[in-house]
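Each chain gets a letter, A, B, C and D, in the order it is written, and its residues are counted from 1.
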Amino acid sequence: MPAERGLSIAAIVIAIIAIIIAGIAIGQAMSKPHVLTKTVVTTVVKSAVPVTKTVVKTATATVTKTATMTATVTKTSKPIVLTIEYGEPWKDLVQPAIQKFEAWASSHGYNVQVKQVMLPYGINFMQRISSDFAAGTAGDVVIIDSFMIPAFAKAGYLYPLDNFVKNWPDWQYYPEPMKKIVTWFGHVYGIMIDTDVRMLWYRKDIFKMCGLPVPWQPKSWQDIIKAAEKLKSCAPKIEKALGINEFYPLYFPAGTKWGEATTMQGFYMLLLGAAKPPYNRLYDYKTHKWICKSTALYRSFWFYVYTYKNGLEPVSYNFVSNVWGTMRKVFSEGKVAILVGGSWEWGEGWGPQGIAPLKPCLQKCGCTGGKCTTSSQIQCYTACEAQYIGFAKMPSYNGSRWVTISGGWAIVINDKLANNPEKLQLAWKLITFITSRDNEAQYCAKYGKICPRSDCAEVPIYAKNTYLKEISQFLKFTDFRDALPGYTKVSYAIQQVTGMIAKGEITNAMTALNKYCDLVKRYVGANNVEVLPVQTS
Amino acid sequence: MGRRFPLSIIPVWAFLVFVIWYFALPLVWMVVTAFNPNAYSVAFEIPKHPSLANFLKLAKPVSGVVPYQWIVNSVIISLATAGLTTAVSLGAAFVLTRFSFRGQGAMLTAFVIFRLLPALLIALPLLILFRMWGLLDNYGALILALSALILPFTLMIAESYFRAIPITYEEAAMIDGCTKVGAFLRVTLPLAAPGLATIFLLAFVIAWSQFVLPLFLIRTPSLFPASVGIYFFYGQYGKVDYGKIAAFSLIYSIPVIVVYFVIQKYLRKGIAGLVAR
Amino acid sequence: MSTVRLENVTKIFPPNVVAVNNANFKVEKGEFFVLLGPSGCGKTTTLRMIAGLERPTYGKIYINEQDVTDLPPRLRDVAMVFQTWALYPHMKVYDNIAFPLRLRKVPRSEIDRKVREVAKLLRIDDLLDRYPKQLSGGQQQRVALARALVRSPRVWLMDEPLSNLDALLRVQMRAELKRLQKELKITTIYVTHDQVEAMSMADRIAVMNKGRILQIAPPKEIYEKPRTKFVGGFVGTPPMNFIPVTFVVENDKYLLKGEGFSIELPKELGEYLREKVGDRAELDLGVRPEHIRISTSEEPNAIPATVYIVEPLGTETIVNVKVGETLVKIKVIGEALFEPSTRVWLVFDINKIHLFDTKTEEAVI
Amino acid sequence: MERWVNLSGAGKSAAPASARTAALVEFTLPKLLIVPALALIGLFVVFPLVWSVVMSFTNYSMLGVTARKWGFIGLKNYIWVLTDPDFQAAIANSFIFTIVSALIGQALLGLALAVVMRMKGPEGWVGAATKVLKVIAGALVFVAWIIPEVVAGYCWAAAMSRGGLFTAMFGINYNFYVRHPLQAMIIANIWRGTAFSMILFMAALESIPNYIYEAAEVDGATPWQRFRYVTFPLISNALLVDFILITVWTFGLFTLIFTLIGPQMDYMWTLYVYVLATGRMGPPWTGPGPLSTAAAAADIMFVIVLALITGYLYALRRLRRWA
């Protein structure tokens, strides 16, 4: 009996605390001004418990504090709050610029406060940003994947920047491809902040082990397949030498886990070289229809079917929950010898401070804790890295040309600022700080990314980077996605079909093509697709 | 002693050993890995130097969020939800057991149906609605939605609990000078206190384990409850530190296990009630 | 001291169960009023309506001539002792008794004084520190009484308070309750299905059946002049015997004819009966077991019967005999030795018989 | 139990106003205490369910133009979903999964466990050992049932990963849950849900009084006959309740499978709905993340789930009549 009473007393105390917290939570729901809150919750709760108002207010503050990240708070009467939403990879681009912007603002008498919404690694940035836009909760200034610009512009989410760039001296430093990528129907909707190219990464040490030439540069798809088959025959030797339990020669991403990367990294690199332009694309710009079947599509699927069916590529890496991390790790460990990937991997992936640095190099340079910190260590590591990892240009199907594709992220202004000229001006000012030459050069050099501004080359830290200089050559033959509205769905179809190929559910290129065509028809409508003649040789 | 060994026990033993093996499999892996400071692969290895390193690592931010923040979030959400549901189901059960009115039977049937509905069927329309109302990422809204989801459970338990307490005590109290509500609060409620504690704890653990609703309705990692946090963790870029996830899972599971063992007598009774009826 | 009056009170439970059918009665000041009837007859519902726990569907209830029909129980100033006593299990005896006073915001010292006083009166002053669970049935019963007594209510309502006690204790408590009620002079309405209890305690009894009040009268009258066959059958142990007879007038003789017998009635009685029911009528002859004498030889106006079984109960013996197909019980003081199947004659005092109309069940005489 | 009913009953004349008011305050107002519960359920359960039906006739989507400008399009979504081979596969797999993992796996294993748990062991150390095994097994089965679903899914995903426990024990050198998702789901769900059936059957077995067995034994029944003619008929109620409940639960399972095999839309209808709602595909008339199409799929399943629940309620009612 006394035990029971104790229990009940404890429960009642907890319940009271809980009810207070529930009140706080309801208060928090009320603190955001929107439809439901104003109509339903307010009427019900406010009329019922006016007493808790003060409690709610003070407590809401604490909850908000712990829950959201608020940047520097300038405590003046009514500051303009400018929200910037961006992914964690752009932290070092955005944060220094914000400081400069705020210094500028206070010296010019603006009472402005920048609220940062930083989306950390691990969530799907574009999915999140897209839904924020659709819900109307996206930031005032947002960093988005440039291929989303047409879709967002069509949906009316983006404010056109034509008048700003017209009077912006820096605009001239953006090369034509970098301008084209942010333009849709004659209007500029964003400013590129970084760009990239894609290539074949390969492991020099493994190639040597198997008697393949280093440096390596395949001339056609057949060259790639040949090298891969040779590597497969050496697998036991390689596994023993590296002390690993599995080995795959090649890795082209497949499946829906990779999301857009399957299409961009894997499929486009094949498609663009699989036939002559303009039939090497997903979209026919003449007829304004999505291409359902074509020789190029057939050949690209054929490559997937051939390599996955013959065990040249790893199946399960495509389906782990962390595909990016796994890809970087297995390449770094030598479980994969040839990898199609982005130019940023040099730094972000297996660089001295990357996510999956090379273990032998770490040991050699005495880097502890998996990262090199001192400049001598970094120097040592960079030299060592070049011994192990090389990159090659992706050849076309028959070797007639080189292929690569560029994407990159752009900074845009939310259309909801259209009616707020003062905020609009400040937002643009913030963008100019972020995209300024020095800021861009600093950031791109640090992360091994390609600067979209041509004048970055004037900044020593960027110019000094030989790697960046080398891959800048790729920009000459680079291409872009068919990023029209509807692209995401077509891309999803590619992810689905390549996923089925990888899992072994489809073992024939023609079946894959038919399946793809079926899906595209379902997703964009049968009226919006066209079937081109297919050469199966 | 010379007593013959009963051979017939061997199949029973074999069966029990199989069950133990099958059910211990993933649990043992989780517990062992949680104490392995170097668990970078899923392989089962008994750590040579078991330590609490993984638990300490959880205090360091991962992509800007300290994992323990998720536990704190879960505590806030679950406590609030449990408090709200307990209070609300208390009132509703009082009305349902102490009054009779038209539509009562239909109401109880409706609660049974809601109790059995898959959470996903409610989560999807809620996602649509919350998007339209701008309530995504909002704790208040999440707590209300969670409470609504859990309410049919707690309400049915509260109802059966109060039904089991004779109404005579309340009548006596009313004659002694209480109002109807007063009699309920002064007499029945103290008698039902252990039951209320059970309801509160049950609501707490159901809310604590809830995954679907927060997955749909919460999008900012720093606001995640622990359940979504684990999933987010697992889908993390870079190295997967299995030890860390295992440690986090362990911390996350312990309150549930403790609570269930506290209320298990009641739980069994409740399940037995399903048969007896 | 108060009066309680019910005026045309009817209670219908949904969908259409008539629990109490047009009850009318008045309980006088300081009276011990018993509602007697089998279970399900509506007596408890009547009591609960007086308490305010149920609301009459029709009709009005007055306490001290004040209309309380719509008043909630707490405003009626009545006290009630429940069948299960309903002691609050989470409160000690002291708190149980003090509870009504606390609710009325009586000062602490006053509460303490009253609780101890009433506890002493009921001889439970040494139990105040215990929980109800730790008490015996009789003790719990006293606590329930104490709780009802402590605030000197206008009316005391008791719902079979003794039915959960064992037989011996029940007899003891019966006397004590009666003494207490007389001493304190509180108007009491007491519900029971036990006719012995009713007879021994009541000032007046209301016999109920199927929602109707059949007769309201002092116990003696209920016993001697039951107004219906039900009342006659319900009161008394063993119950009244009923033998179907036909009343006929033959050659100026007034006869009650039954299976194998015929009784001649005195002239006055016969004429009275003839006036009431006519020349020929189907009736039930009601005789209490104690008013029958067994004769082993034939006598005039006696009913022939066959001994069926004999139940010796110590100081008395119940002899079961069969008159035709009807079983008749006869109470004989002391021992009575009859072999089963013995042929006997039943003789009774013609002034102590009752006659009921077979159809309406109402008493004819 | 009789309660205070019919306050506004007919046939009463003027009573003092104060008394009427007092009665109103005391007996009618408290009924409002049910309002918060009804409001909560109405606003966050009933209304969303209705709303999802409404939305399934529109082209509303998570992203794209139709996220803001949407309109009604009739039955198109339903036709699209019903003709989607993935949806057909998902439903077929959902039924296979439910039947195999719940009706066969959980119920059978649960029954076996309950019978073993209730068995009287021999004496001496053998009995003691059996008892220890029983306690350990019971606790593990219980824990598997109560730990959060996410943790269960995560543990099994790790166990079935390449290099995990499956590799160590069976030499399965690939991600088991990738290559055999259905089997993986079944294994994990049997693991997860057996406890409920076990506890239910244990309760059912306990409710059979021992004297019935004694009587059967006196009548000369063999152990099998005792099970067939005494135990089985007496636990058939429990069997029915168990079957229906675990069917409904398993059919609506999401978290465990989602954390185990990820968003693969053709293995379970719940996953199909989730992928449709959050993925980037969908019919031509909506933008990416076609919430309206997902709502149509969910509503189709809602009908099936409702049919299952109705079956449950009907069975329960029949049981009560029988009992």
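Here is the rule we go by: a residue touches a chain if its C-beta (ideal position, glycine included) is under 8 Å from a C-beta of that chain, and two chains touch if they have at least 3 such contacts.
Bear in mind that the values here come from a model prediction, so they are computed numbers and not experimental data.
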Contact-richer chain pair (by C-beta pairs counted) among B-D and C-D: B-D
Longest centre-to-centre distance from chain A, chain (CA-based): C
Centre-of-Cα separation between chain D and chain B, whole angstrom: 15
Separation of chain B from chain C, taking each centre as the mean of its C-alpha atoms, in whole Å: 56
Distance between chain centroids, defined by C-alpha means - chain A, chain D (Å): 38
Multi-partner residues of chain C (each touching 2 or more other chains): 53, 72
Two or more partner chains touched - positions in chain A: 131, 134-135, 321
Chain D residues counted as touching two or more neighbouring chains: 4-5, 26-27, 43, 62, 157, 161-163
Residues of chain B touching chain A in the complex: 62-65, 69, 72-73, 76, 79-84, 86-87, 131-141, 143-144, 190, 193-194, 196-197, 200-201, 219-223, 232-240
Complex interface listing, chain D residues touching chain C: 2, 4-7, 9-12, 15-16, 19-20, 22-23, 26-27
In the complex with chain D, residue positions of chain A that touch it: 40, 44, 127, 130-131, 133-135, 151, 154-156, 245-246, 256-257, 259, 315-316, 319-321, 485, 488-489, 491-493, 496, 503, 519, 522-525, 528
Chain D to chain B touching residues, read off their complex: 1, 3-5, 26-27, 30-31, 33-34, 36-38, 40-41, 43-45, 47-49, 51-52, 55, 60, 62, 109, 112-113, 116, 119, 121-122, 124, 126, 129-130, 133-134, 136-137, 140-144, 146-152, 154-159, 161-165, 167-168, 191, 196, 199-200, 203-204, 206-207, 237-238, 241, 245, 248-249, 251-255, 259, 270, 273-274, 277, 291, 294-295, 298, 301-302, 305-306, 309, 312-313, 316, 319-320, 323
Of all residues in chain C, those that touch chain B in their complex: 51-53, 72-74, 78-80, 82, 84, 86, 88-90, 99-100, 103-104, 147, 157
